[in-house]
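Each of the next two complexes has chain A plus one other chain: chain B in the first, chain C in the second.
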Partner chain A sequence: MTTTVTEQAAVRKDSPGEADGPRRRPGRIRRIGLPYLLLLPALILELLVHLVPMVIGIVMSFKELTQFYIRDWGTAPWAGLDNYAMSVDFNAPVGEALLHSFLVTVAFTLLSVGLCWLIGTAAAISMQDTFRGRGLLRALFLVPYALPVYAAVITWVFMFQHDNGLVNHVLHDQLHLTDKPSFWLIGDNSFYALLTVSVWKGWPFAFLIVMAGLQNIPRELYEAAALDGAGVWQQIRRITLPSLSAVNQVLVLVLFLWTFNDFNTPYVLFGKAAPEAADLVSVHIYQASFVTWNFGAGSAMSVLLLLFLLIVTGVYLAVTSRGRRPADA
Partner chain B sequence: MPDLHRATPRSPMAPPRSFLWFRRIFLTLLSGFVLVPVYVMISSSLKPLADVSGTFRWLPSDLTIRPYIDIWSTVPLARYFVNSLIVAGAATVCSVVIAVFSAYAVSRYDFRGKRTFTVTVLSTQMFPGILFLLPLFLLYVNIGNATGIALFGSRGGLILTYLTFSLPFSIWMLIGYFDSVPRDLDEAALVDGCGPLGALFRIVVPAAIPGIVAVSVYSFMTAWGEVLFASVMTNDTTRTLAVGLQGYSTLNDVYWNQIMAASLVVSVPVVAGFLLLQRYLVAGLTAGAVK
Partner chain C sequence: MRTIRAAAAGAVVMSLALAVTACGGGSSTDGGGSDDSPKELTYWASNQGASIEIDKKVLQPELDKFEKETGIKVKLEVVPWSDLLNRILTATTSGQGPDVLNIGNTWSASLQATGGLLPWDDANFAKIGGKDRFVESALGSTGTQGQDPAAVPLYSMAYALYYNKQLLADAGISGPPATWDQLVADGKKIQAKGKQVLGAEGANVSENVHHVFTFAKQHGVDFFTADGKPDFTSDGAVSAVKQYVDLMAKDKAIPEGNAEYAQNQSVSDFAKGRTAFLLWQSASANLKSQGMDEDKYGIAPVPVRSGTPGTGAQVNSMVAGINLAVFKNTDNLDGATKFVKFMTSDEEQKILNKAYSSIPPVAAAQADPAFNTPANAVLKDTLAKSAAALPQVADESQFETVVGTAVKELFAEAAAGRAVTTESVKARLEKAQQQMPTK
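Coming up: the complex of A and B.
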C-alpha cells in the first residue's frame, strides 16, 4: 500500500500539470467541509464498532438478559439496577467472585506494568551507547512483542506443563529447588505463570517506546552535564529519567489499560476456565456472560469496569499533568 | 529522520566499570529470558513426538522435519493462514488509508470539534473488549438481518472490527508525524495548484513514509494476533489462525511438536516483517507518538 502511494507520487512529480487539471475543485463549501469529509470514514467506523455497541452494552446492563431473550434482546424485561446490585453485593457469591477477580487483576496489573516499565527502561538505557552486537540484541529483544500472542502464549503453556515442561525440568530435575514437580497452570502458581508470560510479552513495548523517547533528548544536555563532572549514573538520574517523564506518562497509562483489559494472554494460557488465583476480570466477565448466559449481568460488570478505568485514567492524568505545561498533557 | 544507528551517545567520556558490568550482566540475563521460549519453540518443532511427550530435553534425540509436514493435515492450517492473511491485510490497508485522511485533517485544519474527535478516538482504547463484544455481535446479526450484508461470521465483519482496533493508535501517531512535516511544503504545493488531496499524497504522505510503515506494521500485528473476537465471530470457513491453532490441543494426544511447528510457521511472517521494519517503527514513534 505504502509503496504504491510513493510510486504514484514519484510518477506524478515527474509529469506535473498532467494529472492536475481535472482534480482541482476549488470552492468554499468544499474547503470548509473538507476536514469533516476526511474524518468521516474514521468517525463512522468508530461509531459502528465502538460507540454504538458501547451504548447498547450500557442499555443491556439494565435488562434481564438471559438466554431466553438473546434471540430478540429488545424484548428482554427491564431489570433496573438489579444487575448492578448483584455485581456489587460482595456478600453473595457473584459479587464476591467479581471482587476477588478485580483485586487479582489490580495486583497483576500493577506488578506487570511495573516490571515491564523497569525492564524496558533499563534495557533502553543500557543500549543507548553503541557497542558490538547492539543491533542484533535489539532485534532479539523485540521478538516477544512481534510474536502473535497465541503463538507466544502456547509456547509458555508447553513450558509450564507438569510432566513434560521445561520449567519443572529446570526447577525440579536440574536445580532440585522443589520437592516434587509443581503445577503452574492451576492453583496458586498460576498467578506467577500469568505474570511471567505477561512481562515476557509486554516489556519490549516499553523498551521500544523508551528507546524512541531517548532519541529526543538533546545531546547538549549530556555534554553540559559531562563538563560539570557528572558520571554516567548521575547523567541517567539527572537527565535521562527526567527527560523521559512525558513519554513515561503516556507509556505507563497505555500499559496499564492494555494489561488491565488483557484477554488474549489469560485466555490462551488457561483456556475458558481461569484458575481462581489468576482470574483476570476480562476473562471473568466473559465467563459470566457466555458460560452462564447472563448477558445483563456481564454487561453491568463491563460497565463497572469501564467506570473504574475512566476514574483511574482521569485521576492519573490530573495527578501526573500537574505542574506541567498544558501543551504537554 | 532519526536513526538508531546514529543515536545520541550519552556522554563523550567512556562509561565507568560499574556501568559496563551492570550492562553486561543485565543484558545477558535479559537475553536468556527472551531466548529460552524462542529456543523451546524452535527445538521442539524439530523433535519427534516421543521427545516432547516425555520429560523435557534440552537437545532433541533425533532431528525431524515431520511436524512441519503433519501440521498441514492435522488441522486445515492453510485455510486459516489464508483467512488470517486476508483479514489482517485488508484491515491494515483500510485502517492506514483512513488514518491518513483523519490525521491529515487534524494536523492541517482548524475546525470545530477537533479536540472532541481526538479525545473520543483515543478514549476508545480504554474500552474493555469484553464490553462491546456481545453488543457488536448483536449489532452485526441485526445488520445482517436488515440489509442482507453478512458481517457476523464473515471475513468482512472481522476486517471491519480489526481495523477500528488499530485506528486510534494509527491516527494518534500519524498526527504527530504529519505535524513534523513542515507546513510550508504543502502550502507551496497548494500555491502550485495542487488540491488539498494532491498536497496530502504528493507532499505529506511521501515525507511521512516511516510513520505510515510503522502504523501498517502495528495494524497488521494487531489483526494477526487477536483472539477474543476471532473466537466468537468466525465459523469453520472463516476461522483465523488465532483460533485455528487451538485445534492441535483439543485432540486426545497433544502433539506439542506440531503445535510448536505451527506456532513458528504463523509467527515467521509477522516477526520477519516486524524486524525488517522496526527501525521505521522506532523512527515513527520518535517523530510522532513520543514527542
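Coming up: the complex of A and C.
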C-alpha cells in the first residue's frame, strides 16, 4: 500500500492544471482541476481494483512464469510471444485443446443465452397481466438467481449423480426413457448437464430485466392494437418486442459476457478437470495456469479471450445500434 | 482542452500502472525468514481426519501443549485438500503465508522448485534431532534427490486392500486375494451374491495417479526417465494404465458408477457394505466415523500380478504421506523450527499417528505397540518392504494432473460402454505427455 501513497503525490504533479501551466489564469486552473481532484480517489481505487490486475496479467502473459519463478516473478525471463504462439498453434496439443474448449464455450454460450432470453421473456410477458398469486410466482421465479451459486450448483451435482441422483431416478426408474442410467457429470452428457444448470441459473435475470422493460410500454399501444384487431401474437411481435429492443440489446450482451466467462458453475459441477464435452474456456485457462503451474501461458490465453470478447462486444454494439442511432439523436 | 484532459488522464493511468506493476514484481517476496514475531505461529494443517472439525479436535490439545512448553501461540487452520495446493501456490507468489504447513509428500519436489520452502540442510536437521531419526522410505519423498529436503516427514501412509469379511464369507471366499487375477475371480463370486466388488474414485485425479503409478511399477516401468523426462507412452505404462481401467472396462470389478466418484463416495460404499474391496490409505479412522467397526473388515497388502509384494515389479503401494514444511518467508523462524521439532518428537508422533491411523515416519515412535496391531503391521510392512516413492521431479504436480485426467477420461469412456483398447489408452497418454512443460 505504501506505493499508493507515494503515487498519489506523484500523480498530483501530473494533474492537468500544472501540466497546462498557464499562470495567467489561476481561477480557471482551479475550476478545471477541482473535478479531477474529486475524481482522484475513485480513479485510484478503480485502477487498483480493475486496471492494475489487468495490466499485470498482460505483462505476465509475456513472461515464462512457471513454478521456478513464481516466488519472485519479477525475475521470470521474458518469453516474448512464445506463450501466444503456443496458445494459437492449433496443430499442437495445447492450442488444439484451447480451440476445442473455445468452440465448446461458444456453442454453450449461444444455447444458454438463447434459452435464458426465451424463457425469461416468455415468463415476463405471461406475468404481465395481473392475476392472483402473480407476486408469489414472480418471487418464486427469482429464487435460482438469488441462491448462492455454490449451494445451488452442488445440489445439482447430487441430482445428476449416476447411482442415486434424482435426474436418473425420474428419467430412468420412473419414466423409463433410457435403457440404463446415464452419466451426467462425466462423458458427453456433461454438456447438457452444464447447459441445464446454466439456463436454470441465468433465466431469472432475463426475466427480471424484461419485466422491468415491460413496465415502460404504454398500455394505450395495446389497447389501440386490440381495437385494430391485432391478436396476442401480433401484439407481442409488433409492440412488445420492438419496445424492448433497447433493453434486449443490453440484456443479451450482459448474459453473453457472464455466460462466456462463467467459472463457478462448471467448476463446482465438474471440479478441476472438466470432461471434454463441457470444457469451458474459463476452467480450461484455470487448469492451464493453476494446475499445470504455467501462469504465463494461462495469462496469454486470458488476454486472447479478452481480445475476443472485446471484438464481439464492439461488433455487437455497432450492429445493434446502427438502426437506432438516427432515432436517438 | 479535451486533448489536454485526455493526455493528463493518460499520464495518471500510466504512471500509476507502471509504479504498481513494478511493485507487484516481487518486492514483497524478497526477504527470507526472520524472527520478527517470536510469540506466534500460523500453521496450515492438511485434512487428515474424517472432517475438518475432527482435525481441530485432534490438533488443538497438542498445540496448547506446545504453547505451554514454549510460550508460542499457534494459530491453526485446517485446509481442505481441494484448496491446499492452490493456497500454497498463492502464498508462495505473494510471500504472505503460514509459518509452518503440511504438504502432500508427492508435491515435495514441485514445491521445492518454487523456492518457497525452507531447505532442510544438516544444520536445520540438527535442530530437530538429526536426519537419522526418520525412516529411509519416508525421507525418499521429501524432494529431488541430491538436494536438501524441502520438508520433513510427519505422517506415513501406504495403500492397502480393505476387505469386508462378511461379504467374502457370503461368497465362500476364504481370504483376501494376493494377485489381481485372484481379485477378479473372487469378484465373480461376490457379484453372484449381488454385491459390488471393488470401489474406486474414478474422477479423482490424484487417486488415479497413485494407482497407475503402482501398476506401472508392477509392469516394470516408470513414468519418468532416469534424468527426469516424462515417458508416459512406453508399452509398460500403456499396459499398466489399461490394466487399471480394465478393472472396470473388462473385468467389471469396479462398478461403472464409480467413474464419477471424486468425493470419497467409494469409502462410504465400502462402509455401508455395498462393495467388498477398497484400495485406500489409512482408512480406519474414516471407516469408523462412518459407522463401520474394526472387526467388520480386514486389511491385506494390495495385490500384485504374481508372487508376493516386494521390490521392483512386486511394489504394491506408493509411499504416501504428509510432510511438514517451513515457509521461507516466516517471521518466526526459530519458533517454526521448534514447532517442527515438537511435532516430530517421539511422543507427539505416537499421539498424532494413532489419531490418524497412519504410521510414524520416526523410527523410535514406530516401536510403540499401537503400530504393531495386525492392521498397522500390514501398512508398516508395505512401507518398509514394498512401497516406492512417486517420481521426485519438479514436474510431479503437472504429471498428477495430466495423467490423472487421462485416466479419468478413460474411466468415463469405459462407463459409457465404449471399448478401452491399447490404442485408445496410448492416445490419451500421448496427449497427456504433450501437455507436460517442455524446457
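Here, the second predicted complex is superposed on the first by the 283 of 329 C-alpha atoms of A that agree within 3 Å, B and C clash if a C-alpha of one lies under 4 Å from a C-alpha of the other, contacts with A are read in each partner's own complex, and residues count from 1 in each chain.
The criterion applied here is as follows: a contact is a pair of C-beta atoms (placed from the backbone, for glycine too) under 8 Å apart; a residue touches a chain by one contact, two chains touch by 3 or more.
Everything quoted here is computed from the prediction, not taken from an experiment.
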item: Of chain B and chain C, the chain that contacts the larger number of chain A residues; value: B
item: Chain B versus chain C as contact partner of A:Thr66, first or second or both or neither; value: second
item: Touching partner for A:Phe205 - first (chain B), second (chain C), both, neither; value: neither
item: First, second, both or neither for A:Asp163, with chain B first and chain C second; value: both
item: Partner chain in contact with A:Tyr84 - chain B first, chain C second, else both or neither; value: neither
item: Chain B versus chain C as contact partner of A:Trp117, first or second or both or neither; value: neither
item: Chain B versus chain C as contact partner of A:Gly57, first or second or both or neither; value: first
item: Which of chain B and chain C A:Leu48 touches, first, second, both or neither; value: both
item: Which superposed partner A:Ala226 touches (first chain B, second chain C, both, neither); value: first
item: A:Pro144 touches, of chain B and chain C: first, second, both or neither?; value: first
item: Intersection of the chain A residues that touch chain B with those that touch chain C; value: 6, 10, 16, 20, 36, 43, 48, 51-52, 56, 73, 161, 163
item: Complex contact set, residues of chain B against chain A; value: 2, 4-5, 7-13, 15-16, 18-19, 22-23, 26-27, 30-31, 33-38, 40-41, 44, 52-56, 92-93, 96-99, 101-102, 104-106, 109, 111, 114, 117, 120-121, 124-136, 138-139, 160-161, 163-164, 167-168, 171, 192-198, 201-202, 205-206, 209, 212-213, 216, 221, 224-228, 231, 241-242, 245-246, 249, 256, 259-260, 263-264, 266-267, 270-271, 274-275, 278, 281-283, 285-286, 289-291
item: Of chain A, residues touching chain C in the complex; value: 3-4, 6-7, 10-11, 14-16, 19-20, 32, 36, 43-44, 47-48, 51-52, 55-56, 59, 66-68, 70-75, 92-94, 97, 161-163, 181, 183, 185-188, 271-273, 275-276, 287, 290-294
item: Interface residues, chain C side, partner chain A - complex; value: 1, 4-5, 7-8, 11-13, 15-17, 19-21, 23-26, 29-30, 82, 86, 89, 92-93, 95, 110, 113-116, 202-203, 205, 256-257, 259-260, 262, 328, 394, 397-398, 401-402, 404-405, 408-409, 411-413, 415-416, 431, 434-435, 437
item: Of all residues in chain A, those that touch chain B in their complex; value: 1-2, 5-6, 8-10, 12-13, 16, 20, 23-25, 31, 34-36, 38-39, 41-43, 45-46, 48-54, 56-57, 60, 73, 119, 122-123, 126-130, 135, 137-152, 154-156, 158-159, 161, 163-166, 168-169, 173, 200, 208-209, 211-219, 222-223, 225-226, 231-233, 235-236, 240, 246-247, 250, 254, 257, 260-261, 263-264, 267-268, 281-282, 285-286, 289, 295, 298-299, 302-303, 305-306, 309-310, 313
